[in-house]
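Two complexes follow with chain A in common, the first pairing it with chain B and the second with chain C.
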Partner chain A sequence: MGAVQLSGLRKFYGALEVIKGVDLAVNAGELVVFVGPSGCGKSTLLRMIAGLEDVDYGRIDIAGKDVTEAPPAQRGVAMVFQNYALYPHMTAYDNLAYGLRRAGLARDAVDQRVKETAALLQITELLPRKPKAMSGGQRQRVAIGRAIVRKPEVFLFDEPLSNLDAALRVEMRSQIARLHQELAATMIFVTHDQVEAMTLADRIVVLNAGRVEQIGTPREVYHRPANLFVAGFIGSPAMNLLPASLGAGGVTLASGPVLGGPTGTGAAVTLGVRPDRLSLAPPEAAHLSGAAKLIEHLGDETILHLHLDDGAALTLKLAGDVAVTLGARVHARIDMTGACLFGADGRALRPLPAP
Partner chain B sequence: MSKQRKATPRARLAMLTYHALMLAISAIFLLPFYWMTISAFKTNAEIFSDPVTWLPDPIRWENVTSLLTRDDFPFVQQFLNSVFYAGTVALLVCLSCSLAAYSFGCLRWRGRNLVFGLTICALLMPTIVTFLPVYLAWSKIGLTGSYWPLITPFLFGDAFFIFMLRQFFMGVPRELLDAARLDGASEFRIWWQIVMPQLRTPLIIVGLFATVYTWNEFFMPLIYLQDREAFPLSVGLFTFQSQRAVEWSVSMMGAFLTALPMIVLFLFTQRLFQRGLSSTGLK
Partner chain C sequence: MPITAPIAPQAAPLLPRRNRKAQRAEARAGLFFALPWIIGMTIFVALPLIVTFYIAQTKFQIVGAPKWVGLQNYEALLRDPAFWKSAQNTLIFAAISVPLKLIIALGLALLLNRATALLGFYRTVFYLPFLMPAVAGSVVFMLLLTPNAGPVNIALEAMGLNPPDWLLDPKAALWTLILLSLWPLGVETLVFLGGLQNIPKDVSEAADLDSPKRWHKLVWITLPLITPMVLFNLVIGIIYSFQVFTQAIVIGGTTGTPAESTLMYMVVLYRAAFRYFNMGLAAAMATVLFVVVLILTLLIFKTARSWVHYEGGET
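Entry: the complex of A and B
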């Protein structure tokens, strides 16, 4: 399995720069997930690695070889698409065999490889069927088989689970994780689903407007977002971002309360607090107060959306089924454990020490 | 609910008027064809009888044998010529136009839209404008009097069919082409092995259009062909009618048998037109 090295990649569509200088090293056997909002360039970047989009500037190395100008089939990559992209007029067997035949493998070798792969993915009974006679999950398994059968250096997944229903998505996710371990394969996975990113990734690459905002393990990206964009993007519900300053007594909210922690001389900062770090409190112990404008009862937890007195929004994630009525006045207290601070430029200052 | 469904007298009247109008318009279009059909099975005297007989009585089947055995109208030979001409053009149109449509609809290359625009411009150019220089060119290389000038141009596509097929090619999911590229298929192979099988219905439709168009084509064969044995039916029938103007029943039988294959073809392929694009989806 090969490593992937992207160096200074840039891509233009006419005058519009869609990939703005991406540097990234994916280690051999690693599963890296690209996440980002729609139009951030994650799929374009994946297609550039696959050779399906031209590179305007920069270089791509796969398994130590410069493949920037190489055609897709000679890069040692295989790709799984969101809409499966199985050849509709061919059986699953022929779909798997097509690439091997193009590579000039002998009939016996093709047959053996297809059957081995089908056994690995438990799709042997699907081999004589055409895609239209399969369910979505079966088609995606065949599509993954088509990638595996070629024994590529790198697997590329372009939102492969988006078309599946929730239950099937969980099943396929664990199957991909299992394959990653069994094959010790290098995988690059594009998704906009954060749960997929957090559960599958060895490392997450957060992209925004053609730039890499942060590269890190899921825990790093979640607990130590590098900037306001990542803080707001990773985690659901999103991190609360509150205007504050660093005063003599520590972090001081714009609305008045002093929360402690690092001190300063009044520099403006943004305080990032995860919704689960907020709790209900009596008025005298509360840091923030507001009216409940939306309550989501999820059974084991309650998501409470507040409209604060100063007009800002605040989200609380509370354990259990909390009885709050819509429009009721709610008081919240911030637990500074794991809170983040961002400077005026939007970059993270440092992780706060536990109080 | 049932009350609401009942048409009001006013709506019923509107519906009746609408259908009456449609039937009248259909009759106007069908009448010449009906006249040709019944005349094909009458004698000359019966065709012009007064009052008009709307059904041939008796049906003159001998008109068929009389047409097929004439020395001055080699119907069977001309029928085979038409089959060859229309069939070859349909095949060439499907191949050459789909190749061009693949390039315009599935590939990205600099100047693609400009070249496509120029191709469409060819639609605006009347044949009559170019036929003289083109005829002279064929004449110089000594190939007039054969089917070469009639068939060869379709090796290079036809603007209308390229335009028509491009719409279908644009509907082929991009990922399907990408998957084939990753599998190591060349663009030519992707066109032939991946895209063409998806577009069987549009290709048949284009083939049918080309067949009908060529079957009825009159001007080009008239210009290029001189020998009666080489004429397709369109020209053969015209020549016969202009030379034997009084033999209406044989002439009508010729016209009927010329139109019949196309009508039968359409009766059997109607559903293809209705099916349209729906068969190209992946999901």
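Entry: the complex of A and C
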């Protein structure tokens, strides 16, 4: 399994720069997830690695070889597409065998590899069927099989689960995680679904507008976002970002309350607090107050959206089924454990201790 | 519970009856919508076909009533050397021009499929010849191919070649006609182009990832996925090539000059009908052509099951 090295990658569509200088090293055997909002360039970046998009500037190395100008089939990559992209006129068996046959593998060797792969993915009974006669989940398993059978240096997944229904998505997600462990394969996975990103990734690459915002393990990205964008993007419901300043008594909210923590001389900061670090409190102990404008009862937890007195929004994630009526006045207290601080430039200040 | 039980069996048959009624109404509406087409088909296709079969067994010279002669016209056909010569010419013409046309049209479509910026322009350019009357086109080609003063031969001679007399050499004239038939291939090209553009982009990209060789993708992915268009072009091409007429009569007249080398089946049929006013014989020729083309088409459709893939563009 090979490592992937991206150096100074840039890509233009006409005058529009869609990839603005990406440097990234994916280690051999690592599963890296590209995540970001629509149009952030994550799919384009993946397609550049696959060789399906030209590189305007920069260099791509796969398994120690410069493949920047190499055709897709000679990069040692295999790709799983969002719409499966199976050859519709071929059976699942032929879909898996096609690449091996074209590479000149002997008939017996092809047969053995196809059957091994089919057994690994539990798709043996699908082999004689054409894609038309399969469900979405079955097609995607065959598409993954077509990638695995070629024993590539790197697997590329372009939002492979987004066309599947919720239950199937969870199942396929765990299957991909299992494959990653069994094959010890290098995988790059593109998704806009942060749950997929958090659960699958060894490391997450957060992209925004063609730039890398942060690279880190799921826990790093979640607990220590490098900037306001990552803080707002990772985590659902999103982190609360509150205007504050660093005073003599510590972090001071713009609305008045002093929360403690790092002190300063009044520099403006943004305080980031995860919704689960907020709790209901009696008025005298509360830091923030507002009216409940939306209540989501999820059974084991309650998501409470507040309209604060100063007009800002605040989201609380409370354990259990909390009885709050719409429009009721709610008082919340901030637990500073795991809170984040961002400077005026939007970048994280020295992170507070993680929980 | 005991109250609702007896109601159910009564309510049950109501729904199917309403369904049957709705179905009948829908069928009636469908028939009305298709009626103009059905009437047109009956008047302009089915009736003439039946009348042709009938006239083929009569002696009929346009004026006067047809006189029943049974199979005499068919017997006369079999004894007519022009029938055999024109059938032979037409078969050679079809056998060479149809595959050639498909290959060239496919090549053009593959090229067009790669051009993105000027696609609309090229599409129009390739379709234009189809809009030009075949007679005018043929005359232009006759001028181009004139032995001494024609630009084609002047160019070939300038290159030190010894060009044939395209129109009057019996060995060359049929080939000239075949070349001429290749000229308006806009429709075939557009049909192929439509097929190529219908291949999902990611399927094409998956093929790029599976093999670096272009011809691998062409043979194993692209061609199988456009086989419905190949079938369409093949069947239409065969039907048209067996009926080649305009170019043949412009170049060879009604005698297939030179030396009957461009004498096509439809020309002989036309000659029988409108020069000799032997409508019975012409109708017999039309019937034979109809049966031959029908059998060929059915054979192609029968084999199509094994080589035409209708799954393209579905995933």
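Throughout what follows, the second predicted complex is superposed on the first by the 352 of 355 C-alpha atoms of A that agree within 3 Å, B and C clash if a C-alpha of one lies under 4 Å from a C-alpha of the other, contacts with A are read in each partner's own complex, and residues count from 1 in each chain.
In this text, a residue touches a chain if its C-beta (ideal position, glycine included) is under 8 Å from a C-beta of that chain, and two chains touch if they have at least 3 such contacts.
Only a predicted model underlies this, so the values are computations on that prediction, with no experimental measurement involved.
Participant: Aligned on chain A, chain B and chain C: do they clash or fit?
Facilitator: Partners clash after overlay.
Participant: Is A:Gly99 touching anything from chain B or chain C once the two structures are fitted on A? First, second, both or neither.
Facilitator: both
Participant: Applying the document's definition of touch, where does A:Asn163 land relative to chain B and chain C: first, second, both, or neither?
Facilitator: The first partner, chain B, only.
Participant: A:Arg224 contacts which: chain B (first), chain C (second), both, neither?
Facilitator: neither
Participant: Look at A:Arg333 in the shared chain and tell me whether it touches chain B only, chain C only, both, or neither; answer first, second, both or neither.
Facilitator: Neither chain B nor chain C is touched by A:Arg333.
Participant: Could you tell me if A:Lys130 is touching chain B, chain C, both of them or neither one (first, second, both, neither)?
Facilitator: Touch partner of A:Lys130: chain C, not chain B.
Participant: Should A:Met79 be classified as contacting the first partner (chain B), the second (chain C), both, or neither?
Facilitator: Touch partners of A:Met79: chain B and chain C.
Participant: Of the two partner chains, chain B (first) and chain C (second), which one does A:Lys65 touch, if any: first, second, both, or neither?
Facilitator: Touch partners of A:Lys65: none, neither chain B nor chain C.
Participant: Is A:Pro88 contacted by the first partner chain B, the second partner chain C, both or neither?
Facilitator: After superposing on A, A:Pro88 lies in contact with both chain B and chain C.
Participant: Residue overlap on chain A between the chain B contact set and the chain C contact set?
Facilitator: 50-52, 71-74, 77-79, 81-89, 98-99, 102-103, 131, 146, 150
Participant: Which part of chain B faces chain A closely enough to touch in the complex?
Facilitator: Residue list for chain B touching chain A: 173, 175-176, 178-185, 189, 194, 197-198, 282-283.
Participant: Could you please specify the touching residues of chain A with respect to chain C in the complex?
Facilitator: 50-52, 71-74, 77-79, 81-89, 98-99, 102-103, 130-132, 139, 146, 150
Participant: Which bits of chain C are touching chain A when the two form their complex?
Facilitator: That would be residues 200, 202-203, 205-213, 216, 220-221, 224-225, 309, 311-315 of chain C.
Participant: Which of the residues in chain A end up touching chain B in this complex?
Facilitator: Touching chain B: residues 47, 50-52, 71-74, 77-79, 81-89, 98-99, 102-103, 131, 146, 150, 163 of chain A.
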